[in-house]
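Each of the next two complexes has subunit A plus one more chain, namely subunit B in the first and subunit C in the second.
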Partner chain A sequence: MQCRTDLGLCVAFPPSPVTRSGTQKAAFVGSSWPAKMAAPAGKVARGWSVLALTLRTAVPRLPGLTQVRWSRYSPEYRDPQTDKEYYRKPLAELTEEEKCEQELRKTQLIKAAPAAKTSSVFEDPVISKFINMMMKGGNKVLARSLMTQTLEAVKRKQFEKYHAASAEEQATIERNPYTIFHQALKNCEPVIGLVPILRGGHFYQVPVPLPARRRRFLAMKWMLTECREKKHRRTLMPEKLSHELLEAFHNQGPVIKKKHDMHKMAEANRALAHYRWW
Partner chain B sequence: MATPSLRGRLPRLGNPRKPILKPNKPLILANRVGERRRDKGEATCITEMSVMMACWKQNEFRDEACRKEIQDFFDCASRAEGARKMRSIQDTGESGNLPPMKLNKLLQRFPNKSHV
Partner chain C sequence: MATPCVFCGAAAFYRLFLGGRVSLTRRQGVWKAAAAELQTDTGFQILRLRHTTGVTTKKNVAALRRETYTVDFIKKQIEEFNIGKRHLANMMGEDPETFTQEDIDRAIAYLFPSGLFEKQARPVMKHPEQIFPKQRAIQWGEDGRPFHFLFYTGKQSYYSLMHEAYGKLLEAEKRQSQLQAKGLFSEKTETKDLIGSRWLIKEELEEMLVEKLSDQDYAQFIRLLERLLTLHCGAEEEFVQRFRRSVTIQSKKHLIEPVQYDEQGMAFSTSEGKRKSAKAEAVVYEHGSGRIKVNGIDYLLYFPVTQDREQLMFPFHFLDRLGKHDTTCMVSGGGRSSQAGAIRLAVARALCSFVTEEEVEWMRQAGLLTADP
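For the complex of A and B:
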C-alpha cells in the first residue's frame, strides 16, 4: 500500500530494537528495556506478533548502544481520528486516497486518544489549546472550569447589553460566546513578528513573517499574560478574561494595543528586513 | 581509515616523554554532530511586506483597511515556506547521509555512554 508516504520518515530511523520472536523475554535482560514493558504481557505479545507481520527487516542488536528514550508506540501506530464527519462521508464521495486510508485504519494499530480529545460536537481545538495554556501545574479541572465560567460571563454581559439595547442595536450585538472568543483571538493575532538577529556583534529586531500557529500562539499568550499580570490581584480570572475578550472583539483594549505596537516596531525596522536569510 | 593511535600522546603520570596532544576537552564522542554549512539565502517577501507597511502608514495601522495586502503577504509567506521545504527535502534526498537535525535526534535516542 503506497498511500501512507509520511511513514517513510519513521522508517528511515532504525526502529526500536524489537526482535522477531515474541516469546523470549529473557533475551532482553542485557538491554535497557524498562520494567513496564514486561507488565502488560498480553498487549506486548500482540504488539510483537503484529510487528512480526510487518515487512520491516529485523534490527540487529547494537552492541555498545542502548536506546534511552522512546515512546510506548512504535512507528506503525497511527494517530486517532476523532472527527465524526470523516466517518460519516458516504462511500461514493470518497476519493481513492481516502478509501485506501479507511481500509488501512481497519487493520493497523492506532494510538490512544488523549483524555481531553473527544468526538463531541462541543469540542473546539482553539478552546482546548487555550485551556491547556491557562493550565498551571497540571490542574486541567480548574483551567476548564475557569474557561466555562469565562464563556458564561461573556454570554451574561452580552445578554445584559442585548436586553438594555433598542431594536436596531439588538441586531448588531453578538451573543454567542464562542464566536466572540474566536473573533477576539483572530483580532489579536499579529501579522508580522520581530526576531532578534545577531549582526556585527549587535542584536537587531528584524521583521519576519510568522507561521499561522505562531500567530495563534502569540494571540493567546498575550491575552493570558495581560489578564494574569496587569490586573488587580483580587479580581478573578473569568471576570478579567471576559472583559479582555470583549474588548478585543471590538478591536480595543491592551492586547490589541500590544499587537499594534509590534506592527509599529516592525514598520520602523523595515530597513532591517534584508538581515533575514530565509 | 583506522583511528590514529593515542599511545603515549597524552600528559599522564605513566608517560615518560613530552605530551604530543594537550586536549582542552575530554576525548569522548559527543551526542550531537555540527550543523552543515548552509548556503546564504536572501530575504523573501520584501515587496509584499513594504506594500503592506505603506498601507498601514496610510490607514493608521488598522487591519480592516489593509485586508488585501495582508492576505498577499500571507500567501507569499506560505509559498516561500513551501519552496524552502521542497528545497530541503531535495537537498537531503540526494546525498547518502541524514541531515544534522535528524542525526542529533537519533543520537539522543542512542547516546554514547561516557559514564559507567
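For the complex of A and C:
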C-alpha cells in the first residue's frame, strides 16, 4: 500500500506482530500505531493483546530508498501528554480504559516535550502547525509574529464591521479570531482527493478518500500558497492572510474555489475509482 | 583436491576457447585449484581461468556446520570457570567464596583494559552457560527411535507446550462448568496486576524452548495464554506467570534532589539541565513571587522571545505554582531556544523536591523530566 510514512519512504506495511528491532532508531508510521493497537475494543483489563507487543519493524534496506527522517529516540519512547486537565481528573471519573491506559503509561518511557509546546491555555495545535508551515528558513520568530498580526488584523476587521452593523447583524458577526481561523480552515478542507496511479504506462488521477490529517494539511497548504503567490508585492502577509481567512470563513474566495475544483475533478474522474485497491 | 594448480604460481591469466559444451568439474586436472567462470557467448562458451588460491575456492564445510558442544565439554568448561574464578579472587585479594559476577567483570576490566569500542569484543569471563549457546541433546536413542512423542512435528518443545497449555485450558473450563452447574460459580473479576509485567517476547520464548519459532506460532501461543487468563483459575496462574516478565515502573528511576536550606532559613533546591549544547543550573526557592533571574538578568530582558519565556513558565504552570517560587539560573552555551530548554529541564528537576510523587510522575509523562537527546 502506498502510504505516507514518517520516513518519507513508500513502503508496503502490513501490520504484523514481529520481533523487536533493537537498534533501529528510525521514526515510523505515526507514533499512534502502538497506541491504536494497545486499545482493543474488548478486554481492557488485559490490555496487552498480542498486537500491542508489536515493536516496530526494521526498515527493509531497499536499494534506491534512504531513510529521510531519523529520530534520536528508540522506538519504545512515547509522545508526551502536556494537557494539565488530563492529569487533574479525579479517579472516580475515569473509565476502565482510561485507568488502564494511565497504569500503562507509568511503565513507558516518554520523550521530552518539544520546544514549542506548553500546557498554556493560549496554545492551539492548529495554530502551531500553521506557524510551522508558514516558517521559512527556521525563522520561527517571524512566522509567529506574522500569525499574531494576522489574528489581530482579523479581529480588527471584524470589530469594524461589528461597530458599523445594526443590532440584528451584530449577533451574527463572529469576532473571535481563533474560531474564524478554525472555521475557515475547516471550510477549505477537501472531502475527496486525487491520487496519480500508474496503469498500463499512464498515470490516471484517481479519486480517493483522504485521511483527516491530509485534508488539514491541504487546507493549510492551499491557504499559504494562495497568500504567498497571489498578492501584490506591496501588501504584507498578515493583511492578505486575514483577508483570505475571512473570505474562507464565509465560504468564498480563491481557496474555497480551489477546493471546489478538486471536487469537480474527482467527480469527473469517478469512472476511474475502481483503480483504487485500498 | 591434491595439489594446487601449477599455473597459479606463475600468476598467469589464461583464456581458453573451447568449442562446444564443456562440463566443468573441479577434478579436471588443468583447472583444479582455480575458479573458472563459465561465460556463455553466442555459439561457444569461454572459460576464463582466474588466478586464485585453493583456500578461497573450497567451501569451508567444517566451519559452516554448527559447532556442537557435548555435555562433558560443557561440564569441563564449568569446572574450569569455577577454578578460574577462585584464582581470580585470590589474585585480586578477595574472598573466593563471595566473589560475584560483578566482581569478576570488574577484575577482568582492571587486568585486561581494552579500548575497543565494540563492547562485545572486549575480554569477558562469564559462566559457560552464558557463552556457549544452549543446544539440544540428541533426541533419539540408539535404535534411532526418538524419545519425545512429538519429535516428528519438527518443533517438539513448542507443540508439547501448546499441548500442555491447551490441556490446562480444557481442565479450567471443565471446572468452571462444574461450578456453574452447582451454582457455586462467583463472577469474580479481580484485575491482577498485569501492568507491572509483560509477555515474553519471541526471542525469549525461543531461548526458553531452544527451538526456532515463527511469528504465527508465537502469536498463537500468547493468544492461548490470554485465553487461560480470562478463566481466572488459581492453579493455572503459576503456569502463566512463568511466561511473564516484569516491567520497570519508570518513575522510580528518577533521582529527587534533597531540599537545602540557606542562611536565612529559606528552603531551596538546585538542579542541572541541558539541551543541545546549552547547560543550565537552576536554584528554585520554595517561597517567592515568581521572579526568574537568568545570569543575573531578569528573564523578560534575557529572553525577548515569547516562546522562550513560555518554556520557562511551563513547569510552574503545569503544577499550578506560577507565582509561588523564585528562581535563579546560570546558563551557558547553545542558542536562545536551547538555553530556554535547558533551564526548563533544570527547573522541572528542581521542582521535584517540592512536589508529591504523583506530580513528579505527571511531569515525567508531560515530557518535562526527559533530557532531549
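To be clear about the criterion, the second predicted complex is superposed on the first by the 185 of 278 C-alpha atoms of A that agree within 3 Å, B and C clash if a C-alpha of one lies under 4 Å from a C-alpha of the other, contacts with A are read in each partner's own complex, and residues count from 1 in each chain.
Everything below uses one rule, namely that a residue touches a chain if its C-beta (ideal position, glycine included) is under 8 Å from a C-beta of that chain, and two chains touch if they have at least 3 such contacts.
In this text the structure is predicted, and so the values were computed from the model without any measurement.
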### Task
Examine A:120 and indicate which partner it touches, taking first as subunit B and second as subunit C; both and neither are also allowed.
second
### Contacts of A:267 with subunit B and subunit C, given as first, second, both or neither
first
### Query
Between subunit B (first) and subunit C (second), which, if any, makes contact with A:257: first, second, both or neither?
neither
### Summary
Between subunit B and subunit C, the one with more contact residues on subunit A is chain C
### Query
In the superposed arrangement, which partner chain does A:87 touch: subunit B (first), subunit C (second), both, or neither?
second
#### Entry: subunit B versus subunit C as contact partner of A:211, first or second or both or neither
first
### Query
Does the superposition put A:230 against subunit B (first), subunit C (second), both, or neither?
neither
### Query
So, does A:68 touch the first partner subunit B, the second partner subunit C, both, or neither?
first
### Query
Residue overlap on subunit A between the subunit B contact set and the subunit C contact set?
none
### Message
Considering only the defined contacts, which subunit A positions touch subunit B in the complex?
### Response
12-14, 62, 65-70, 187, 191-192, 207, 209-211, 260, 263-264, 266-267, 270, 273-278
### Summary
Given the complex, residues on subunit C that touch subunit A span 189, 191, 194-196, 198-199, 201-203, 215, 218-219, 222-223, 226, 229-230, 247-251, 305-307, 310-311, 313-314, 317-318, 320, 337, 340-341, 345, 361-362, 364-368, 370-373
### Task
Can you check the complex and tell me which residues of subunit A touch subunit C?
16-20, 43, 45-50, 53, 72-73, 79-82, 84, 87, 100, 103-113, 115-120, 140-141, 144
## Note on the structure
Touching subunit A in the complex, subunit B uses residues 40-46, 49-50, 52-53, 56-57, 61, 63, 70, 73-74, 76-77, 80-81, 84, 98, 102, 106, 108-111, 113
